[in-house]
Amino acid sequence: MKVAVLGETSPDESRVAIVPSTVREMAKAGLEITVVAGAGIGSHYPDEEYREAGATVAPDAASALQGAAIVLKVQPPTAEEVAQLPSGCRLVSLLSPLTNADLVESLANADVTAFALELIPRISRAQSMDVLSSQATVAGYKAVLMGADELSKFLPMFMTAAGTIRPGKALVLGAGVAGLQAIATAKRLGARVEAFDVRVAVKEQVESLGAKFLETEDEVTAEGEGGYAKELSEEQHQRELELIADHIKDADLVITTAQIPGRPAPLLITEEMVDSMRPGSVIVDLASESGGNCAVTEMATTVVRNGVKVIGPVNLPGDVPVHASQMFSKNVVTFLKEMLDEGELTLDFENEVIDATCVSHGGEVRK
Amino acid sequence: MKVAVLGETSPDESRVAIVPSTVREMAKAGLEITVVAGAGIGSHYPDEEYREAGATVAPDAASALQGAAIVLKVQPPTAEEVAQLPSGCRLVSLLSPLTNADLVESLANADVTAFALELIPRISRAQSMDVLSSQATVAGYKAVLMGADELSKFLPMFMTAAGTIRPGKALVLGAGVAGLQAIATAKRLGARVEAFDVRVAVKEQVESLGAKFLETEDEVTAEGEGGYAKELSEEQHQRELELIADHIKDADLVITTAQIPGRPAPLLITEEMVDSMRPGSVIVDLASESGGNCAVTEMATTVVRNGVKVIGPVNLPGDVPVHASQMFSKNVVTFLKEMLDEGELTLDFENEVIDATCVSHGGEVRK
Amino acid sequence: MDLSFLFDLTYLVSATLFVVGLKRLQSPATARQGNALAALAMLVAIVATLVENDVLSWTGILIGMTVGSLIGALAARMVKMTDMPQMVGIFNAFGGGASALVAGAEFVRIQQMGAPMATSTGLSIGLGSLIGAVTFTGSFVAFGKLQGLISGNPITFPLQKTFNALLFLAALALGAGLSGAFALGGLTPLTVFMVFIGISLLLGALLVIPIGGADMPVVISLLNSYSGLAAAAAGFVVGNMVLIISGALVGAAGLILTIAMCKAMNRSLANVAFGTFGGESATAQVASGDKPVRSIDAEQAAMVLAYAQSVVVVPGYGLAVAQAQHELRKVMEILEERGVDVKYAIHPVAGRMPGHMNVLLAEADVPYDKLFDLDEINDDFQRTDVVLVVGANDVVNPESRSPQSVIAGMPILDVDRAKNCIIMKRSLSPGFAGIDNPLFYLDGTMMFFGDAKVSMSDLAREVREA
Amino acid sequence: MDLSFLFDLTYLVSATLFVVGLKRLQSPATARQGNALAALAMLVAIVATLVENDVLSWTGILIGMTVGSLIGALAARMVKMTDMPQMVGIFNAFGGGASALVAGAEFVRIQQMGAPMATSTGLSIGLGSLIGAVTFTGSFVAFGKLQGLISGNPITFPLQKTFNALLFLAALALGAGLSGAFALGGLTPLTVFMVFIGISLLLGALLVIPIGGADMPVVISLLNSYSGLAAAAAGFVVGNMVLIISGALVGAAGLILTIAMCKAMNRSLANVAFGTFGGESATAQVASGDKPVRSIDAEQAAMVLAYAQSVVVVPGYGLAVAQAQHELRKVMEILEERGVDVKYAIHPVAGRMPGHMNVLLAEADVPYDKLFDLDEINDDFQRTDVVLVVGANDVVNPESRSPQSVIAGMPILDVDRAKNCIIMKRSLSPGFAGIDNPLFYLDGTMMFFGDAKVSMSDLAREVREA
Amino acid sequence: MGEMVVGLYVFVLAALAGSEVISKVPPTLHTPLMSGANAISGIAVIGALVISAQANTPIVQILGVVAIAMAMVNVVGGFMVTDRMLQMFKKK
Amino acid sequence: MGEMVVGLYVFVLAALAGSEVISKVPPTLHTPLMSGANAISGIAVIGALVISAQANTPIVQILGVVAIAMAMVNVVGGFMVTDRMLQMFKKK
């Protein structure tokens, strides 16, 4: 069975869906892998290594797609790419299905059975396919490194002959997968870390990393489904803002990660809060792609306001392409194995994972 | 007694010689401080804070210098600045005296008593004036953050549902003040760290940070004076290069800091060594200003060779201006106190520190 | 210096050997030797006794010794390891019985000689036979309960306490009568003595009957103490120092042991000793629903770990919550110094974020090369002596192998394949997935309850001393 | 039951109280109470003795008791804390003397009665007076050495060992003669006895004379053990159990203590006990050049720390070299649990790079708010009970205050102002600056030698148990 | 002093020594310790021997022999079982 | 059994108990312990009392009284000094 691994066409994307080490694993499972030439270059995996691992390197996407039963990608395909897909093939990739209904429609029309990796259910068994988790891990780590590098100050404490420098304070808003990783990384760098989230279970998790969980007098909670959060009531939101205003004043590094699936990111940092911070401080807004947690954030650029840098990074995992791709690839392979039975393709909608992720099949949009 | 704090004119320099918190300390010692407007902006110390601390803010350098007995700066003064200095005043600043004889000459001609902070002797008492140490500390920390941020990989180990990622390897060449700090920071970030230096005492120090010291079969040592190194013999250098070639192949992040006072930096990484590294790796060459430890290094830019980024940073401490200035300032104040006796200026050449640092006095070049 | 002085010295040596032998039982390293010393002490005492006394007839003595030794040796050889407690119980019965018989025989002898009995002798004989007889039947009942011959459940009947108390008073009264405290009406002393013995035997059985099977080890320990006292009483009867000394030793040792065991089981001594008057029962097991688990403390865990050859640590979210990483590393370092091979098995989703355990263990300076991921280590478990699970739950839950489970399909660390598994957590409550863990109820599993940081600190101390 | 039985029971109670009292001396928490119990035991024994015996004349007894008590109480009140060891020595002399006198008096009494003496009585009297007399003079010499009345240096003369050995043999021979083993020519037994006592007294002095002042505490402990034996011998002489028991207790306790002290000082018991035959001397002090330092071990350090109210830790480069940061944090945590106030004083240039200690302590998870820099903490030292310096040297070197020093002008942590200072390092070798450190030789300084990681581990164990 | 009192002294002292010695034993060794102490309590055999040796009538003689046999079961069985348990504690 | 043998038994047992009890004392308490044991060794006062009480001649009487005085110095001084030392160990 032929599996085509396409290269990414967006200039912002340096990852690749499959890395050479997983090619080997797939080959063992009986799949023939064809990789478009140069697909791995952005993440430092040369064609050479793919060949050594047993893949065929096709000169372009068209030849790679010829007769492919499965097509793998990182980012959602463009209209042209959709047009090129062989009818009846299966596409596994990120698809932003909640916000990109047109794409799903066009895939259905092209008779592609498409699987959106964002929709992997958060059940124990599917953890090893969960690309959102693996990529959020990368983002959380990277956000702190980027922020610390942009900072005009030290994060760790230093007691030296040239005076004592108190440890910097990092504030992490939203302690999901990315937020927890950010906490851990900031702790590693020696910062004092405070964090806030609207889900109650998070308090213990934050403390298990040695950080301080901020609490309001009245509870602010908004537990959603499947481990996600939902939007806060207006009153609760107000209380949350007050809490943050209180603690952001003396923060040196702020990392925000708050997201609500399918909704714009909640606003957690107002302009006044940014103004209350000391010049030289840094905010890294991981929610910038879905509107930002900070009022000042502009996607894909760094705004300096009053000496405070507000960074709105796009696709942070793409900045750590070697390992982000490796993890993505491992997730995809584990997912593929869900629909293989002794080397044969199956499509079992009883299977929770398959059912949840499949957005188009047999020319129909499934959800 | 009037002390003038000048702003830095070089665009690369964001530090300032005196920060508001030390203004207070100086005022207590009976000094009147005048700061040129905007001097602290680059390091996020607004004029406001200087005023609050008790300093006068002068509109420009000329008015600040009027009647000043002591003039403070970070970088060596430009020709114009030298021309502005009141005759008979004392200048305390970095002066690169070993490589910049002209400047010293011109200072002597202008009848300035100039003190080169680079020449602070490395004796116990003078540790709190040692700007080379304090700024090297900043550089070592910053180099790792910068390198880790540029890296296409993780440094720490991750055992996750998306596979296991082995910890990255950092190689630190030259384990002086900056190198040791780089080791500590890389360890903090979870890297496995190896280090090499030509001074024997360093082995224990490297190990005291939990890193591995690389050793050759035959000893490679070149202990210099005052804790510094001297140049290696050709044969020893060859042996060192072999050792490095052996260990650089699988290094993800390389930090080089090897320096020999008054001499160009030793070459430690050849082009072939760079080619032997995996794409996506990073080299940060802290010696770039004195010629670089890596053959590929170009000062002030990043060269990408074969997927390996070679960064040649300039003035790294200037990238952490808030704390770098604070430490610098603390050093300068402690130094000033050496030549104050009950609020009166003294010039005691019996004092080892004064003697060693004073490069021009009474119209004469002193060394 | 006459001969009797020599004999006395020999007995003194024997007594000292008993003390030294018991002392050696303090540590596993010297315990066997200690036992051997005690046995030697016994031999010395026996030989000295035989030489010292003018033996009227060797036949009986030789027969008694041979038969007894053979039975004892055979029983000791054949008993299964798991049946040890019962075996100790039954040996104890015989020891107690022997003391009672000695007292009885002396009583008969004195009666036959027709000599009047000194109060002190009467007292000794009374105490010896009372305690000996109680030990005899009590131990048999304990044996029966442990062996399953008698129901392990507490057996109670109405007015049990009152009845036992009356019996005890009756025995005391008869004993006092025998010692000459008051006249016994027309009955011959022998008859009275027989009744006295009968009551004592009944009392022994009745004292143990109402105690639950789980408390039996404590009961046996207590009866052991009694048999020591009985022997000491026998010593008073025949006027032999070595009997008095070793009897006192065993009596004190048994009592201390009983108290220690009660503490470990969270019972009061009175509760067990006067089980009659209490009649309640407890169980050493913490039960969830009806499934029993084995619960151990730091000392026991330390012993298991310190004498293992290979240990694998499975850290989980609870380690992070307790922030016990430093203590964990410390314990493992001590074990490594003792030559134990230590590895850490890191499950990919242990904790609450990817790489959680890495962050934690890096903080505690655990070297990277000791960390193994699921695929690398899963085959090792069956060759592992002890797995120490610290605050992990879901990632070691064998339930994931059953397709109906909510964690079905999640690969787990196969710790259930190891020989022993110690699990440190605070309770039997479930982990993230919210489901019960069958691992807790397996035979090889020992639960070490408590906050992981506290438990680990305790463990560090105990491991160092083990 | 007759009266004598009651007395015997009372003596038994007294003896048991002695044992319990000694047992309570095991821990600082109960030690005072233990001492009180022992005193009570003594009171009980004295009263019982007075009541039991038909006292012929109360005058002498009352005078003796009053005078002795007054002297003892006054001496105990007035002695300076630092003179305690001598005081114990001299008390001991009196105890030994009393035993010798008891034996002597009994000898005289028997002689006067003209009755023949039983071998066993002779043996008891001989041993009692020999050991008592040796204790008497030996203790006095030890006292003199400690008090500075006699030179603390070992005093030796040619053939010392041989002479002592001969003296000892002579005493034995005379003793045997007295016990009736052989005839004593024309001399009256009393004369022989006087000579015997004389030789014993001489022997006591000669045994102690050649031992160095540093070994005196061990000698006193050993003499203490002797005086116990003398009391036990006196017990045999007058046939009193409580004397035998408490004498044996003290004898054994003294011996065990002596052995423990020898171990701590790295001397063999034989070396001290038979100082005569050895005659060499050692010193408990590690000397650099001629300056002595006080060296302590983990147990002592633990006691000092555990009973402090405030402890400041001064980490230095040695902590990093030993990688003992985790162990350090552990020890401090245990102390904090015990209510000790713990701070860390970080010198700006401790270690080998700026912020070295920060990296190290952050790794071990020491909270930031426990770290204080030089300016913040220097004033606190004089209010600090114990400073624990771990592998630091230059940064606590008071030499920096003298302008000639190579480290002149470097601000230091003023640990010499604290009440006590424990310094952990491997030797007396200098630090980075290569100069000696006068701090090591101060009165309040205790050196705890060894690799910091090992020492700290030991300390953790001991602190937990302290 | 009477036999009885002497016995009492000895008894009390032995008990003190016994409890001191035992109080330091770790729980894992409790079972072997109990078993070892149990074997020692078979010391009643000495009493049985004394009685048998001096037996003046058949009934005393019989009682004595039975006592010997029972005590020996305790002694021999006890020490052997203890030894078996302790073998498990051997440090490799 | 003779007095002597009984004494020996008692002596040995007491010594065993004593060494067990002492072997657990930490070094810091060695000095007070030594001092406490030293006070106990003043038990010789009992012997002295017995002798004095039964003194049949002046010389024995005098020896006895001196012995009493000396022993009492040891007893009273010993216990008091020990107590003073132990006060320093009071846990706040």
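Per-chain residue numbering starts at 1, and chain names A, B, C, D, E and F are given in the order in which the chains are listed.
Following the convention adopted for this analysis, a residue touches a chain if its C-beta (ideal position, glycine included) is under 8 Å from a C-beta of that chain, and two chains touch if they have at least 3 such contacts.
Predicted model, so just to flag it, every value in this text is computed and none were measured.
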Contacts shared by subunit C with subunit F include exactly D, E
Which neighbours do subunit A and subunit F have in common?
-> C, D
Whole-Å gap separating subunit B and subunit C, where each centre is the average of the chain's CA atoms = 69
For subunit D and subunit E, what's the span in angstrom between their mean Cα positions?
-> 39
Taking each chain's centre as the mean position of its Cα atoms, how many Å separate subunit A from subunit C?
-> 58
So which stretches of subunit D touch two or more other chains?
-> 15, 19, 23, 241, 245, 348-349, 354-355, 359, 362-363, 365
Among subunit B residues, those touching two or more other chains are 127-128, 133-134, 137, 156, 158, 160-163, 188, 190, 210
Mark out which residues of subunit E touch at least two other chains, giving numbers and ranges.
-> 1-2, 4, 9-10, 12-14, 16-17, 20-21, 24
All touching chain pairs, where touch follows the definition stated at the start = A-B, A-C, A-D, B-C, B-D, C-D, C-E, C-F, D-E, D-F, E-F
Would you mind writing out the residues of subunit D in touch with subunit F in their complex?
-> 15, 18-19, 21-23, 25-29, 31-32, 34-36, 38-39, 41-42, 45-46, 49-50, 53-57, 60-61, 63-65, 67-69, 71-73, 75-77, 79, 81, 84-85, 87-88, 91-92, 94-99, 101-102, 104-106, 108-109, 112-113, 120, 132, 217, 220-221, 224, 227-228, 230-232, 234-257, 260-261, 264, 297, 299-300, 303-304, 307, 309, 462, 465-466
Using the touch rule from the top, collect the residues of subunit F that touch subunit C in their complex.
-> 1-2, 4-5, 8-9, 12-13, 16, 20
In their shared complex, subunit E is touched by residues of subunit D numbered 4-5, 8-9, 12, 15-16, 19, 23, 241, 245
Provide the residue numbers of subunit A that touch subunit C in the complex, in ascending order.
-> 123-125, 127-128, 133-134, 137, 177, 180-181, 184, 187-188, 204-205, 207-210
Footprint of subunit C on subunit D - complex, ascending = 326-327, 329-330, 363-365, 460-461, 464
